[in-house]
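Below, chain A partners chain B and then partners chain C, in two separate complexes.
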Partner chain A sequence: MSLITTLARLEAVSRDRAQPAATVRHRHLSDRPLVFVPLTTAGEAGAPLGALVGTDRDAPRLLVVPQPRDRDLRFAFLAELADVVLPYVDSYGEAVEAAERTETDPETGKRVKVEVELCADAPQLIVPSRAGVELVRLLGRSMRFRRTAEEDPQAPFPAPPRVPLLGRWLTHFGERARVPGSSLLLAMTDVLSRHWATGQSSLEDQHLGALLAWIDPPEGRGGAEAARERELARDADGQLLYPPAGPATDPAFDNKLLAPAIEAYDRARSALAAAEDGVEADARLGELTAAERRVRDLVESRTLPTWRAVWQGLDLLRELPEGAHVAERWTRDRWSYTGHRERVLAGEPPQPRRDDPVTAATKLATREREQARLEAQEALDDPLVMAARRLSGEAFAGEVTDVVMTWTESRRPSPRPLVTVRTDDRPHLAEGARVYRSSNGKPQTAELVAREEDGGVLVLRVLDRMGRGREPEPGSVPEKGERLCFTLFEHEPRGGAKLPDPEETPWTHGGPPGEEPAAEPADPVTEEDIL
Partner chain B sequence: MTAEVMSDVADPGAAAALATEAILHDTLHGSARGVVVDSPPGAGKSTLVVRAALELAAAGRPLMVVAQTNAQVDDLVLRLAEKNPDLPVGRLHSSDSDPYDKALDELANVRTSAKAADLAGLDVVLSTAAKWAHVKGVEPWRHAIVDEAYQMRSDALLAVAGLFERALFVGDPGQLDPFSIVGSEQWAGLSYDPSASAVTTLLAHNPGLPQHRLPVSWRLPASAAPLVSDAFYPYTPFRSGTGPGDRRLAFAVPSDGSAPDRVIDEAAATGWGLLQLPAAHTPRTDPEAVGAVAAVVRRLLDREGAAVSERFPDAAPLTADRIAVGTAHRDQAAAVRAALARLGVTEVTVDTANRLQGREYDVTVVLHPLSGRPDATAFHLETGRLCVLASRHRHACIVVCRDGVTDLLDDYPSTEPVQLGTVVKFPDGWEANHAVLAHLSAHRVTWTP
Partner chain C sequence: MPPPRTREKALRHRLAELRGPEVQAKALDARALAALAANPGCRRRAILDGAGVDKARLASALGAPSVFGQSQFAFVRGNAFEAKVKADGGTELLRLAHEKLDRSAEPPAGASVPDLTAQGPEGRAARTALALREATGASGTWTLLDHPMLALDVAGSPAFLEPDAVIVHPDGSWSVVEIKSFPMLDGSADPAKVGAAARQAAVYVLALEEVAARLGPPARVRHRILLVCPKDFSNLPTASAVDVRKQRAVTARQLTRLTRIQEIADALPEDVCFSPELPAEQLAAAVESVPATYAPECLSSCELAFHCRERSREAGAVTCLGRPVRAELGGLSTVGEVLAAARGEAGDPEDPAVAALRRAAALRAEALAAREVAGCR
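Right after this comes the complex of A and B.
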């Protein structure tokens, strides 16, 4: 935690209200996000209990598994979920724009520009908390290797038609969410705590209700007290007034309300199965419907507050203006969406269970590059973030007190102006170190030539972005009196070298790979599948 | 040749020579594609790399050398040229400005280029892993030496391993592990986890590779080798190349009785000193601790020290370039530099553990990574960090620390999740920290401002 975040948290405590940790919004928000508020069943990994899902804040779709241990009902839930999510995901595939991509020409091996189509916008999935992101990943993993009756007529328990496809998309959303700065799948608590500092620990910030209580407390209430109430307050029956955002549910709810309701549902189902004639069956069907209704009401009562909280969070975030580089990062999300859509359409197999060595290394390199880029761009977009970097000696702002023109001593001299900057910041700079500033949106490099005794006066030599001629282009050299901000970190992190193709995995990493089956087999059927 | 046999050899020089012979034999005549050498601090790793390079070149095998930083590459080039000025050596460098040490331009047989093709046919070509990763479409080298292989990440090895047929991997397993700036739990437990060290991946896929160990530290004095060996290398012990009394540190100016002087005398006499400040929770750049570090360094210089060792039997003066200050964080290093500048000291190296790796000084002053902290995170508990800080010195090491670290350690045991399939590293930082503190407590001097 940076010093300035610590300070903001202390201020939040003393003012009893969350303090801004950013002046602009650093994540893209779609005009039409798909909000997904899932609940799971205690005691079984990834068994969904129900969910609210949809793009209309006033009309969420309620999906419920009245008996979560019943595989058929679970599949029915996932099929329904697919009916909501897949049309939404597909709806962004139609509008495309022309774009360029560099590809390696298979014949010449040269890097060439190829004209391709890029989806003009992309879907955005929003879940309440980080645990929700984990559940999206888990659901994706549990579904993408399933086989439908069409794909495998022999499958003993075929999945409904669109379920494996939903699994592939949820896996893609889950993987993309690991890329720093990406916005295809967002956890509301993460986004909110990026933009506000509360007076509680970051662990407590994972409680969406408490986090919102700090940021936007009810009229006349303090943040700390309101957050405490959201976490702990219970009614006369011992139920939480503000249910947790899930996907886990409160044990008191599980034991006192949910378990009896599910038992009643089971009894009604057995009774219906045992019915001996039509009249009796009709009556028992009515009882079963009522029992199911009861479970649905319970699930709705526990997801609706979270649903509203997510939309409240979206409202709060939308009040912030979007950061200057957010659109650029969203473009990479669009590429990611377009790419996965193409792979699905091309009939490629689902994402493998484990990454191969080259894929793993490529992903890690991408994420490290995106992390560096995100940190740089957030600082450039937001003076408050830059202040944290300045405080930690990674950047400095100051006034230009002198500019002296010098040139390189070559046959065609290039400008190398010496710029003197006076700053109150204390950057960790050694002589010869590179610093960067944003000049018309492009990073301009300078190096430290000299630093005066007290460290407050720096002489910098500007090295690039002044045009090709002897005289620098107008506006490309800082002027006396100008206030500038230099960073010690690069604005555009450089990509690493290209890794070998997976077929050329070296001996140090278990390569080269042998002949492997093109697609992985579905998960084998285990005893739990036939309970 | 096993480690046990080697450590039975009484003379450290003979033991080290035996180990080196075995390594060179496996490298030059063995059938395995790789040879791994573990080298404790100051055990002559660079000497081994240079010698192996010369012998491979003499055997007519084109050799590429992979190091991790430009400074390491330049250092190896200079050492190679010193040993054999006639050897044709290539230094592959990046296309940045000022990419290599200008001293290389003075060497007649060293060719520098940013393109691998320009260096084709030279006996030895050296570069960083990052630069090698860009080399494509060349005939693979018959042999490679990978230096600091424990500090190289698995994905970096993946990028360069296609360039060579066989390789000698040399490194220190006790130093800082490579790290990544983003989470990589997703791949934990996979044999090729890209964020693991290159050696971990190499051995996971090639478990039969011969592994050797250099058994003698020539840097660490007899007072330090047992502690560092026990605390950080409990299963692969090593010893010092010098005996008790072979190295001596004396000061012309007598002690003035102040805490810095007393801790300096304690360290000069025993090899270790702990300057203890009263317990407190402080910001990272604890002004009082930083001031104490600076005061100790100032007194080290003022008291005109003289260091007697096997290299300098007639005593070498303890000058500023023979002293270093080690910290955990960059802002701490900056704070110490500023404090030293106020006392008129500018020549002393002040850096973080990461940057001090592989360096050597007569006396080091260390700001303890846990000093003044309210909590102990995985970063501060990392075994390698303390190991680097406690193993840079030839004569003495002075640790500046606030009281209460032992309790802090007890309050914060390591809580990193255990991942299936990953090899648990021993010792853990918690245990190593306790071992070092227990030893230091016998050399404690209390700070009185």
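Right after this comes the complex of A and C.
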């Protein structure tokens, strides 16, 4: 955490309200995000208890597993979830735009540009908290190797038809969420705490209700007090007034409300099974429906507040103007969506349990590159982020006090203007070091020629982006009196050396991949599975 | 200076006074001992745990109840899984121990599972020690001790600990078994949960080492424990060997530091008592008489955390916002001090922390002002 964020947190404490940690929105928000508020059963790591899901804030779809230990009921839940998520994901596949991609030509081995289709927009999944992102991954993992009755008629407990496909998509969302700056799957607490600094620790910021209380406290209330209430207040029965954002539930809720309701459901079910004639069965079916209703009401009562909180968070985020580079990063998300869609349509097998070395290395390289890119872009988009970089000596802003034209001493002289900048910042710069500024949206490079003794006056030689002629193009050279911001980091970080094509992998790194790996087997099913 | 025996007795007497008359001491379990390692500098926690005060009851009496609780679903599942692992004379558990810890040994067949029932914790601990001695003597066979009882000396008073199981290998060495109900998915589990299990197991290793040291020729306690978890989404057990040397070293050091309890107790006023029966104001004053070092991490490990958080916030301590915050602020420790220094109202401008704060404040103000201007356009 930089000192500027720390300061913002301290100010939040003294003003009793969250303070801005960003002046623009650094993540893409879809016009029609799919919000997913899941609940799980304690102890059954990941066994779903229910969820609210949908794109319409006024009409969420409630999905409930009245007995989380029952495989059929879990499958029914997952099938229903697939019915909501898959049509939503598919709906973005229709509209495409032409784009270019560099590919290796299989015959000549050369890198050529290929016309491809890129989906014009992509789906976006929003969960309340980081634990929700983990659950999306877990659900994806549990479903993608399942076999349906159609694929394998011999399989015991075949999964409903679209469940394995849902597993592949959720895996993709979960995997993409690990790429810095991506917006395909977002955790609301993460996005909110990126944009606001609260007067509590980042651990406490994981509570969505408390976080929102700091950012947007109820009329006439202080942030600290409202946050404490959201975190701890309980009613006369010992139930939290503001249920946790899940997916885990509060133990008091489990023990006092949920357990009796599930027990009643179990009793009603065995009573129905034991019914001896139609009339009796009818009556008992009514009891079963009532018991199921009770569990549904409980699940709804715990998820609805979180559902509203997520939408409130979306409202708050939409008030911020979008950062200039956000659309570019979203394009990468669109590529990732388009690519996965193509793999699914081409009938490729589900993502493996463990990545092979080449895939793992590529993923790691991508994440490192995207991290560097994100840091640079956020600083360029947002003066508040840039302020932190200036404080740490990685950038400086100042006024141009003098410009002297000089040229290179070659046969065709190119302009190399010397620009003197006065700054109050303290950049960590040595002579000859490169600095960058944004000139008409493109990075322009300069190098440090001299620095006056007190360090506040810097003479820079501009090196590029001034056109081909002897005279620099108009507007490409800083002018006297102009205020500029130079960074010590590159605006478009290139990342490390390019990895070789998979076929060229050296033997030291496992060598070229062998023949196509066989499709991975499904998980063996046992009597007591939880997911 | 009185002889050590009397001093120890005096401390025990003093701790009983602190706990309050007629109040049963709350036994320290491995989880509590492991949590001590998380915040060793907290004198409040040290004295309360050392005196066997029930912190959950104390927190409720103070009006800041803790939120720890276990869901019955988790409880039922945990027990069912443990029963499954140990079913059939521990055949499956011993197979896993052989595979993961000791492949060179004879495969276990017909391992002995001694009966460890006895009267009271002291009796059970003695029975366990006896069983361990016998099993170590009978070389060449595997022995499974189901829920043994171990005594560990904590700051002069014994704490009784009950590991899930202890295995005696054919070579006479001992291993701790920890059975947890979080899943191991494709061979990996949640690192935070594995860490907690390792810290807990390290306490058992220390306790076993005390027993081992008392045996004729001391037995070897293995530093790789067996962590047993459900495999993937099933209820089938799978296991992994976890090296707990680091956790063991950390906990051992914390336990020796706990002897400071004497020191803390001596520094307390005569009439201090933590009995939950007392009125809230009196309790609050008693708790206040021992300094705490609150940090947000306490919220997940200490029952008293909400009380300490309130106090820490009232005092305006910057540690409320997280431990790393302190590192950047030099000698400034309260919100008021830091903000005054940042605004230039107080603090020595020569102090690097103050100078950095002022620069940060100026840069932040400049960036926010730029936004205002942009907003007007």
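In the analysis below, the second predicted complex is superposed on the first by the 504 of 531 C-alpha atoms of A that agree within 3 Å, B and C clash if a C-alpha of one lies under 4 Å from a C-alpha of the other, contacts with A are read in each partner's own complex, and residues count from 1 in each chain.
In this text, a residue touches a chain if its C-beta (ideal position, glycine included) is under 8 Å from a C-beta of that chain, and two chains touch if they have at least 3 such contacts.
Since the structure is predicted, the reported quantities are computational estimates derived from the model, not experimental observations.
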Q: Check the residue A:G393 against both partner chains and state whether it touches chain B (first), chain C (second), both, or neither.
A: first
(Q) For A:D190, using the defined touch cut-off, is the partner it touches chain B, chain C, both, or neither? Pick first, second, both or neither. (A) neither
Q. Is A:D297 touching the first partner chain B, the second partner chain C, both, or neither of them?
A. neither
Q. Does chain B (first) or chain C (second) touch A:A497, or do both, or does neither?
A. first
Q.
One more residue to check, A:R354. First (chain B), second (chain C), both or neither?
A. both
Q.
In the superposed model, which partner reaches more residues of chain A, chain B or chain C?
A. C
Q: Applying the touch criterion given at the start, work out whether A:L203 contacts chain B, chain C, both or neither, answering first, second, both or neither.
A: second
Q) Is A:A365 touching the first partner chain B, the second partner chain C, both, or neither of them? A) first
Q) Which of the two partners, first being chain B and second being chain C, lies in contact with A:D16: first, second, both, or neither? A) neither
**Q.** Those residues of chain A which chain B touches in one complex and chain C touches in the other
**A.** 3, 354
Q: Please give the residue numbers of chain A that touch chain B in the complex, ascending.
A: 3, 178, 180, 354-355, 357-358, 360-361, 363-365, 367-368, 371-372, 392-393, 426, 428, 432, 455, 496-500, 504-510
Q. How about chain B: which of its residues touch chain A in the complex?
A. 33-34, 98, 130, 133-134, 136, 154-155, 157-159, 161-162, 180-184, 186-187, 190-195, 198, 201-202, 205-206, 283, 330-331, 334, 338
Q) Quick one: in the complex, what on chain C touches chain A? A) 67, 69-78, 181-183, 185-186, 232-236, 296-297, 299-300, 306, 313, 316, 318, 320-322, 324-325, 328-329, 335-336, 338-339, 342, 356-357, 359-361, 363-364, 366-368, 370-371, 374
**Q.** Residue ranges of chain A in contact with chain C within the complex
**A.** 1-4, 6-11, 13-14, 20, 23, 41-46, 138, 141-142, 199-204, 224, 232, 249-252, 254-255, 259, 353-354, 382-384, 386-388, 390-391, 523-531
